[in-house]
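These are the structures in question, set out in turn.
Two complexes, one shared chain (chain A), two partners (chain B, chain C).
Right, the complex of A and B next:
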């Protein structure tokens, strides 16, 4: 395979997504999917429905908090367990073990542990904090999405941690040694070397996790409430509705989900551009 | 006096241990536990009813397990073949062509499966492949090919092609070079790519649900149904079946460490 095929390879790998997005774009204005012709009705109907706006905001909230918790935990673990000692190696291994676990299995675990009569509630009963399952604060299907946030943060933490380990073991190590040789203290090294290396290196992965979590279906369907309804659940609900109008709205939601991810990428690029002169 | 970082390390290590092994232990316990009522911390009875129900003859999960397995293997092999060619082609490009190629490979990985599924389903319906296992296979191929292309992009970027050049100089044709040099030398990478593609397919829900129209039943869909029906024991058993193959792949081939190289370029 030579370089003249690179264009064809790029086209083939991206084509199904582009075709899907193009279909959603046309279907969202009535030009595909059995509608009568061009119409902005699906867009106006979707935005007139306050549940959609709340659902989108709710999904962004869950994604932002889960990504923030996973990122901070990954930075903490990567910074504390970076040495070549045996215990640090064990800690780094333990941190990435949950990485290959499917999201469905993570969602099942969330229900078994955080549910109203789950293991956490049983522990609370034994500790004398609650006297019946109903007294346990709702951690799943709750309006704030606490259970979903915890499960997604736990599930995404290994991915970000893995990249943080790699960053600190590579470029970070040599820069820190140089700073130490020049007489910098531990805190000064962290502030001027470790943190910039970590945040610049982790930013693409954090953006990817945020975009992924915003649109993730598996854990959301198992742990999220029905009101507000999360964006991916609303999309599937409208897409599987027999009404043509609902399907067109589903395509509007698809495009909004993609725009949310694109917005995160644009924000990331803007922050990088702002940071570059001082780098 | 013990320093703050040392205290933090001592506090975090047990948490990491719990985070790594507690989930599997819980799933294992729930899968064999019966008569486990609130507020008991341990099940009243331990037996293998859940496993027999899930895997025994005539069990509902069996066809779903077979469908998931067939889809995973077929997706893994096809995505490996595609990814090897696409990845090597993009790796050989320079300048903006390479940037565009890498960006294109990122697209199916980064796009939310729900978004990919809805547009793709309508296209598959038009081609007469909607709600069929072939349609689901094609849908699974989309993200799987993205992952394997990125994987091989990383592999071919650092790989020297000296042996292939030598074979060509000695008169070998394109197919001979692939068959006699590239494949024998890259056996491990090819196997890892098959596993990577298979794992992507193995855990898919949204793509299967939409492209399969609810008719193609795979293991993750059945697990979700069990949980929603309140059959925790069967859901835990199915979850373990879902979790074990990727964990083995991760442990044996250290796929995750290679994923970093794949994601970062």
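Right, the complex of A and C next:
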């Protein structure tokens, strides 16, 4: 009985996504979203275009690096400031301050700080490190997405950190105490108790961040270069193109983005299944 | 499907409304609400609509105006989705032109013809090719004009004392000042490419009379050749381009580049007043010719209140509304009326309209205005620029 209800609950959660996927599938072959009729051309056209592959790879790169930086920073901060002291409490509070900030605001902040006429450039100019603000190395609209990666990592870090704090304060703490009474050293405790507790607890959040960041538009449109063109930018560009014909291709790109997120989820499940026997 | 739930008095079919005598349209519209989907990105335009138009519609016609955001392809996507869902319309009035008008007509999503039945339509400057043809399409009564603009570059005369006056001189200026010029990737930037196409490949006349692929390929190759020649001297070496005109304005205002551009020659006036652009910013017309176009109002085919929408469109065409919209401290949007046709006292007021110090003279605007061509030119040029230039950033 419980099992049946949980199945229904899962279905209700998944239903909107499934409806969206179904619509995108139909629209991507010309059966929805304007006059026309069935055609496989949007798929062949999308895959014949090397820009799609490059854009997808670029978005995965940005998402992977930003997620990795955010996760490592969160783990570092959570392990460094876990004690009950006042200063640790303040540090934990400060770490989650950016959490309620909207992504578009984070993007604008990125432009204001990292742009070639931004605070960093003006500061470096005033300090005499560069001859003019424009001599500042390009950190936004740059080919490697450095500015975008920094902003996304900074924006996602509090979310992962918040979970890391609660993991260490709860289950982690009692297991560590057990290990300590059994005579384990600090490094041994970290390796055999703290780290496994952290990564198993954080993995779902990290996967969620990766999937979100791959498809995020607001910060990307403000900070990403025009070549390579990130997947979410390419998707919106096709969807809002003047010619209605590009709509179908936009839906192909939507499905690609979804597939990337799904890939991360599947990978996570596989790693969990492989890890379970030893746990 | 749920049937038979439509009780009460049957509403007249939308198409019947467009054929009613004007007095009946006014009666139907009284006490109604008109939902207007329009671009909401400019505070001066929003203030004109919300604080000047809306209260007058209530006072004069008993119409409540409800403004919702949406523009261009978004409007097409929305109406297509509504038709698929069999939903009642969420929009009565639409702010459209050019390619959006073409898409909506192609998909049969516009109501009409109705525009020529508006009483104030008699004052429209129908002799102007900019107003009478929307990207070479005949509005055919499916849209009513309500404003016109001309493309202009924007420069800062505190930084650039003698700006280039034509495309050749602009190219030389770019090469002499590396990193100080770019255009954006969206509508304004692609319109700039079309201006280059006119200038470099035989003028606007060469591209008139519908889409011609031979003329297009010749024009495109000239544009891409010019861009390739000067690209290394563009901002960031032409490796990346600002997403939209707002980013372009920001780069210009922050001194990262020396030129911005706008679809509206008077945008510099409103942006200076808003403090976004420096007071020394000036509009600049290139003597090769600048694109001019009109914007229009359409009524969606599934509109709930076509009568109200017609009354609003008529009010916006009135000399009173056109003059208010033209004032530099309001919006500085060009009037679509023929001053010689409108009655006094409005004619005198139009003539007496003081010009802002940033404004260009009507004579030079008229001299440099070139009409838009078939929307395919814009579509193809955009796609080819993305493929040939943008996707091949120099490393």
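Following the convention adopted for this analysis, the second predicted complex is superposed on the first by the 260 of 279 C-alpha atoms of A that agree within 3 Å, B and C clash if a C-alpha of one lies under 4 Å from a C-alpha of the other, contacts with A are read in each partner's own complex, and residues count from 1 in each chain.
Note that in this section a contact is a pair of C-beta atoms (placed from the backbone, for glycine too) under 8 Å apart; a residue touches a chain by one contact, two chains touch by 3 or more.
Since we're looking at a predicted model, the values are computed, not measured.
A.B. asks: Once the two structures are overlaid on chain A, check if chain B and chain C clash or fit side by side.
C.D. replies: In the arrangement built by aligning on chain A, the partners chain C and chain B clash.
A.B. asks: Counting only touches as set out at the top, which of chain B and chain C does A:12 meet: first, second, both, neither?
C.D. replies: Only chain B is touched by A:12; chain C is not.
A.B. asks: Once the shared chain is lined up, is A:239 touching chain B (first), chain C (second), both, or neither of them?
C.D. replies: In the superposition, A:239 touches chain B and chain C alike.
A.B. asks: Now for A:181: first (chain B), second (chain C), both, or neither, which partner does it touch?
C.D. replies: A:181 contacts neither chain B nor chain C.
A.B. asks: For A:229, decide between first (touching chain B), second (touching chain C), both and neither.
C.D. replies: A:229 contacts chain C only, not chain B.
A.B. asks: For chain A, which side has the bigger count of touched residues, chain B or chain C?
C.D. replies: It is B that touches the greater number of chain A residues.
A.B. asks: Is A:138 contacted by the first partner chain B, the second partner chain C, both or neither?
C.D. replies: A:138 sits against chain C, while chain B stays out of touch.
A.B. asks: Output check: A:98 vs chain B and chain C. Expected answer is one of first, second, both, neither. What do you get?
C.D. replies: first
A.B. asks: Which of the two partners, first being chain B and second being chain C, lies in contact with A:51: first, second, both, or neither?
C.D. replies: second
A.B. asks: Could you tell me if A:221 is touching chain B, chain C, both of them or neither one (first, second, both, neither)?
C.D. replies: It touches chain B and chain C both.
A.B. asks: Touch check for A:163: first (chain B), second (chain C), both, or neither?
C.D. replies: first
A.B. asks: Where does chain C run into chain B after the fit on chain A, at 5-13, 77-85, 149-157 or 185-193?
C.D. replies: 77-85
A.B. asks: Do chain B and chain C touch any of the same residues on chain A, and if so, which?
C.D. replies: 32-33, 111, 117, 221-222, 239
A.B. asks: State the interface residues of chain C toward chain A in the complex, per the touch definition above.
C.D. replies: Listed in rising order, the residues of chain C that touch chain A are 72-74, 76-77, 80-81, 84, 99-100, 103, 106-107, 179, 185, 236, 239-243, 247, 250-251, 254-256, 375, 378-379, 382, 387, 390-393, 395.
A.B. asks: Which chain B residues qualify as touching chain A in the complex?
C.D. replies: 5, 8-9, 12-13, 16-17, 19-21, 23, 26-27, 30, 38-41, 82, 85-90, 92-94, 97-98, 100-101, 103-105, 107-108, 110-120, 122-123, 138, 142, 145-146, 149, 199, 202-203, 205-206, 209-210, 220, 223-224, 227-228, 232, 235-236, 239-240, 242-243, 246-247, 249-250, 255-257, 259-260, 263-264
A.B. asks: Would you mind writing out the residues of chain A in touch with chain B in their complex?
C.D. replies: 1-3, 5-14, 16-24, 27, 32-33, 76-77, 80-81, 87, 90-91, 94-109, 111-113, 117, 119, 121-123, 125-126, 133, 154, 157-158, 162-163, 166, 204-205, 208, 211-212, 214-218, 221-222, 232, 235-236, 239, 250-251, 254-255, 257-258, 261
A.B. asks: Which residues of chain A touch chain C once you look at their complex with the stated criterion?
C.D. replies: Touching chain C from chain A are residues 32-35, 51, 111, 115-117, 134, 138, 141-143, 221-222, 225-227, 229, 233, 239-244, 247.
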